[in-house]
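Following this line, the structures themselves.
Shared between the two complexes below is chain A, which pairs with chain B and chain C, respectively.
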Partner chain A sequence: MNSLKASDIEIVGFNGAPLVECGRSLPIAKRKSDGQHCVLDLSRGVDTLVWHSQEEATSFAEARQWTELVRSVSIPNACVESSTGSVITQPMMVFENETLLDVANRVPRPDHHDLEYLIWQPLKVGDSGCFATCASGPAVEAILDDWAQGLLKRFDAMFGQNPDRADLKRIADFALCAARSRELRRKAYLRYAATQEPDRMKRTFDRFIHTEFPKENWDCFLNELKTLRDILKVLPITTTVTQVDPSGCSTRQSLRDIANDKPLNLVAK
Partner chain B sequence: MPLLSDIDEKALAARLPASNAVADNVPLVHVDRTVIDLIEHPPHEIPTSAMGSNSDNTRRAEGLLGLPQSAYFYAGRAHPKFGSTAFAFAAGCEDAHTGSASPFDTGGLLSNPPHLKLRLNPTDGEAERVAFGKASMLPLDQWRATFGRFLAAFFDADVDYWQKKPSRFDPERLFELNNDWRAWTFEIRFSEGHSIHDRAAWCADETVMSQLRRLDDQQPVTIPGDPLSVLDQFFAGPPALEPSGTPQFCERLEQWVREQIAV
Partner chain C sequence: MTEWPQIFAFYSFKGGVGRSMAVLNQAYGLVAKGRNVLVLDMDLEAPGLSGFMSRQKEIAEFARHDMVDLLLWAKQTAQRVSEEAPLDPNSLPPLSDYTVRVLPEKLESLPHKSWDLGRLDVIPIDETRDYYNRLSEVAVAGMDRDTLLRVGSLLRSWLKSRRIPLEIPDYYGPVPDEDRSAPYDYVLIDSRTGITEVGGLCIGPLSDQLVVLCGLNDQNIEGTRQFLTEVGVLKPSSDTAVPLGKPTLFVASPLPIGEMTTKSERIERLVKALGPIKPKLYKLSYHPQMALVETIFVRDHQDEHLAQEYRSLLEQLLQRTETTPDFDPTIFFSSTNSEKTLTDQARKSVRALLHSASISESASMLFFAFVSNSDLKTVTDDIDFQLMDRICRAVASSESSVQFGALDRWSDVLSQWGLRTTDRALKARRFEEAINQLDRIIDSPRASPKTRAEALVNRAVTFGQQGNPEREISDYTAVIEMPDAPAKQKAKALVNRAFMFGQQGNPKREISDYTAVIEMPDAPAEQKAKALVNRAFMFGQQGNPEREISDYTAVIEMPDAPAEQKATALIKRGETFRQQGNPERAIRHFTSVINMLDAPTEQKATALIRRGETFRQQGNPKRAIRDFTSVINIVDAPTEHKDNADSIRKDAYEQVGIQAEANSLNDRGWGRYVDGRIKEAIADLRQAVELDPMNVKALGNLAISLLVDHQTNDALAAYDAAIELADTDRLADFEKDLQRAIAKHGALPGADEVRTRIEARAATLKTTVAAQ
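And now, the complex of A and B:
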């Protein structure tokens, strides 16, 4: 079996497009020695990677099948075997939108996770306000879960203040985009359901929650939802809601903006 | 010489029954940019190249080979470069269609410059590639029989179709000169679109699943007895293989394909 040398590889983007405010995707790797590109999916081994020419790569980016970084980044050391320099574990891309990080109270972006340094790069697609970095799969999951925790904390802090339901729903929606662990996803779904119109709640349960959590029962879910609402209403109001971020744009303003904005998938074409 | 005209009959006799069983049942796979586009826009079908997001190379190959604008599928394989949602359609879905098949990716054969390498006489220029592409074309109702023979003759085990290069080389050296599985994956073409509601399985990345949840939340509640919306119809079908999505949605769909045909 061939190996993939990290020194011959640079990460130039990710598969797909940033159609929601944060997420993860497979990296697009470029081989420095011959300029060939591939979707870096190591699940079937290095020998099965399909390499594409620069012309193909450009056409994929133009068709928004791939998203390019403004500047390439290196394969994270955590994915490389130090003795051979070979890429041995799956690297992953994580992308984010500044508004989401602001609402999650996670500005500035992390520059490391454990011992992995994170080099964030803006995306080439228009004025998206999105950045992405490459890290090991576990690090990317941890980063996304950390953002989800920040968003859930924000949600809980705001709930008792009787805010606009649309504000709360967008925060829960952001949390669902970010959350990767089952525990956080279930928490995010509970809060998302708590902000929905009652008529839609059962449909969301049937189509999304129950498919992700097949043992979840509607009656139990409903009871838990009622309990959560009661608890959140009596929680003391925290001060984080009025925190001002370093960019000078207040979180409260950001929340107003995201509630008024259409979701990304409706405007990004 | 058309690809697969040089099969060693003795070599394949022992493996042919098992390979035919795989060929008869292998689902057809299509990867599209996102399922949201297909749900939001009529006619809610895997589109032909007249309407879809196919590349200029696809349309170029169609023109050179004299093919109608087609909807494209691979026999059991999914490639993430085509998009963020992978669909599988059960064997037999081709019965209601007109179309054709090829034992390789025609876009790769005739792209400019060509992605697939091979040796033809006197050169491997465009005229020879077009002649080779036309000679290798298979009728839609016969591709599974040829696919069975191909698996038996060129692979030591049927599962190798998903994991390795063919273990025997072909006269045009297509399998020898390429590491890209599009050189040995059967391409199936329908001259008409194919409904997304007929899918047997599907899988998408996490972004698509978030978009789908948002789309669902914007839909009005369906009143009992009223006609189902397109989204209602979609959700009435098979659920996603990974409900929260996965970046490795193609690998997950291929895993499902292999489970269906027990390889």
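And now, the complex of A and C:
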């Protein structure tokens, strides 16, 4: 069987287009020695890779079948056998946009996972805030799960504040894009369902949740949803601050000496 | 210590004084200075700043939410939290839901020298999206003092807690989180005019500092004084007002052209209104352009007087906020820091200064001097490479006289950094960046032929480190073919290209390039000597010892050859002599290197090992042991040499033991020969020679014993071996022994032949000594 030498390969993009805020995909590899491109899928061995010319690669990118990076990256060390320099495990691409990381409280994007360095590159077309990197499969899964955890944490923190339902749904959506592990995906689905209008919850369960978790039972799920709501509703802080009464104060009273008022610590450290 | 971001509220009592444009010009000016800035449009009912940014396409679109939405969130949330039960920071709204980034192409034309441009974000007001309904829902005008305090505090906390990613080069590898994201440096708020709750909100706990703009008519002056007194910036006193706590910059704006007397009077009136402390008043002139089209003067009309006034105001703003950290330049160059590596103290100072607004060009140069003098091979910490990278980046972008030097050094830093990592991707990126810096020199029309040739040679070396021999050779060739390249670079390129041809198994082209250097009349001695040494080696490989020795001799006789090349030539010529069976000459060559004052340690160690090996071959393991021990004792000898010396010293020690046994057998054999027990003597002496074939004494004794025993052929063979190793004195001993044997035993067959051979060898030795 032929082997693929990491020194002859550079990663120039990934398969597909980034239609959501984050995700993973197979890398597009370019062979330095002859400029041929392929979708780097090692699941059926190196011999089954289908190589394409530069012209074909360009047409795939123009048709948004492939997404190109501004600058190529190398195959990560973790996927290469050090003694032979051959690519032995499947590298994967992970992409994200700045908004997702901001919402997940994960700014800046990670520069390493365990001992793997991550070199992020912007995408050639599309959203300027979108970046991708190539890493080993386990690293990609872990990175996505970490973002999902950040998103779920934000969801839980915001849930009790009666925010806009659309805002919550957006965070749950992001979390579903990111979450890879079964446990996190289930948590994300639970929260996604919690953002639905009551009459749409069952349909959401049937169409999405039950498909991915066939053993899930609607009644149990509903109970869990109620418990979650109860827990999250208890979490937020309630105070005895009175509502504003515009009629009870004058502008002058409101402003007197205000420049010398010390700020209140209203956000926990 | 400054708490980041510093929040400045820009307030004016009346409109039309250029407040919004002052905010934007300060914001763009800060970005030009490398600061990251967020602008808030809090002029809720007349959001001129947002309109300008949108109309002029400074921003591409609005975010999901705008300033009104942010206030609404703050208002609703402020009612539910308290200091005793504060808000979970995870529930603070994401920055990206509200901010819009000013398009990078709108910032490119800003003047910036030694630093990269900063980032400029805005939270504008989107008048196209249900604006009036949302505005009435916020109802800032109805907020009581407590609500204003809460809303202001909450917004402040939000602004202070938001972090933005910093643009870290992707070749850095892991960088501490605090260096990869940071809060904004500055938040500039465009406040509402008049005596309003929004004004109070901005001036209150939300902001750290104020910039108050005031026109020069009575309405402006009196209104401003009243408002500032009301909110506590100015304190009422018997006759006027006294400045209070919150730091405030006062700006007279717009100042009309001409009307000198009236203008002076009005300025005096404004200063008087502000109180007896008489704060410094900054001025922004009226510019007719402002009346027609709002403009970013610091970007679009940099030469106009108003742009200069904006810059002066900006300097004030920076000076009030950013202080230069204490820095002692001697930390780089103190005598205790002889290894020229960064101490923790130096690192800390450089980092602080690089972050500081007040870093001067001279400080950058000082840092660069340090980077230039550092031995990059001793740098191991990523953090030091990162600092050096940043220093080189700053100097290389300054267009100063050392720009090319900075680019060249930067490339060195990146290459060395690339060699430090085992990660393929990082290594590739660092080399790529190293090559990019050299490309900048090579492609620059300002680069002299010398600078360009140097950069080409360095790029070739970097291509080599990157594992790209084709491009390496191509760059050397480019230098060789440059009509105006200096001889030094041409010779260096030829020597390096020759080496590459050698690596590719092309000895003909290799020798041809070395010859080209040797024949160049103006090639520097260093390159000439290098070419001669390498060509000599090639001749040796090709089995041409005469030309090999001739080239080594040329280097040895060059008056200006560097010590390293001279020492190499001496060692190599010594080795050739040894292979040619002339150990004495070889030893003399090695000894010359050992005695050279300026020979590099590595060469000295090599010469000692070679001399030791030659002594061993001569059957003198004791002297060999002394040389090997010397190598082991040289403190800075390469480890590889020390290990080698240690290993062959063990063999020499063994050789000494065997020699002792052979000597003992020789002594007993000789005793038996003298006693006439010839057969027993031969047995002992054969054993001695077997143990130590270089034992010339035993060989001689065996030869005479065999001759006496009439084993003439064996005797002649033994004599051949003995005579080959013997010096003149030993030959004389053989002759004496022969005479004594004939006297005792009568004529011996083969004796004449032995005598002939002894004489022939003696004659050869005499000729050799004379020749030497």
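In the analysis below, the second predicted complex is superposed on the first by the 232 of 269 C-alpha atoms of A that agree within 3 Å, B and C clash if a C-alpha of one lies under 4 Å from a C-alpha of the other, contacts with A are read in each partner's own complex, and residues count from 1 in each chain.
Heads up, the rule we're going with is that a contact is a pair of C-beta atoms (placed from the backbone, for glycine too) under 8 Å apart; a residue touches a chain by one contact, two chains touch by 3 or more.
Every value quoted in this text rests on a predicted model; they were computed, and no experiment measured them.
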(message) After the superposition on A, what does A:V46 contact: first (chain B), second (chain C), both or neither?
(response) neither
(request) Would you check which partner chain A:W66 touches, where first means chain B only, second means chain C only, and both and neither mean what they say? (result) first
(request) State whether A:Q121 touches chain B only (first), chain C only (second), both chains, or neither. (result) second
(request) Could you tell me if A:L176 is touching chain B, chain C, both of them or neither one (first, second, both, neither)? (result) first
(message) Just checking: does A:D102 make contact with chain B only, chain C only, both, or neither of them? Give me first, second, both or neither.
(response) second
(message) Looking only at contacts as defined up top, I'd like to know whether chain B or chain C touches more of chain A.
(response) C
(request) Figure out whether A:R154 sits in contact with chain B (first) or chain C (second), or with both, or with neither. (result) second
(message) With both complexes overlaid on chain A, does A:P76 touch chain B (first), chain C (second), both or neither?
(response) second
(message) Output check: A:L228 vs chain B and chain C. Expected answer is one of first, second, both, neither. What do you get?
(response) neither
(request) Identify the overlap between the chain B-contacting and the chain C-contacting residues of chain A. (result) 263, 265-266
(request) Write out the stretch or stretches of chain C touching chain A in their complex. (result) 75, 77-92, 94-97, 139, 141-145, 147-150, 152-154, 156-158, 161, 163-166, 168, 170-175, 177, 180-181, 195-197, 199-200, 203-206, 210, 228, 230-233, 244-246, 422-426, 428-429, 467
(request) Spell out the part of chain B that touches chain A in their complex, as residue ranges. (result) 33-34, 36, 53, 55-56, 79-84, 111, 113, 115, 162-164, 179-182, 205-208, 210-211, 213-217, 221, 235, 239-240, 243-244, 247-248, 250-251
(message) Which stretch or stretches of chain A touch chain B in the complex?
(response) 15-20, 23-26, 39, 41, 43-45, 47-48, 50-53, 55-56, 59-60, 63-66, 92, 173, 176-177, 185, 196, 199-200, 203-204, 207-208, 211-212, 263, 265-266
(message) Looking at the complex, which residues from chain A come into contact with chain C?
(response) 6-7, 73-77, 80, 98-99, 101-103, 105, 107-109, 111-112, 117, 119-121, 134, 153-154, 156-158, 161, 235-239, 241, 243-246, 248-249, 251-269
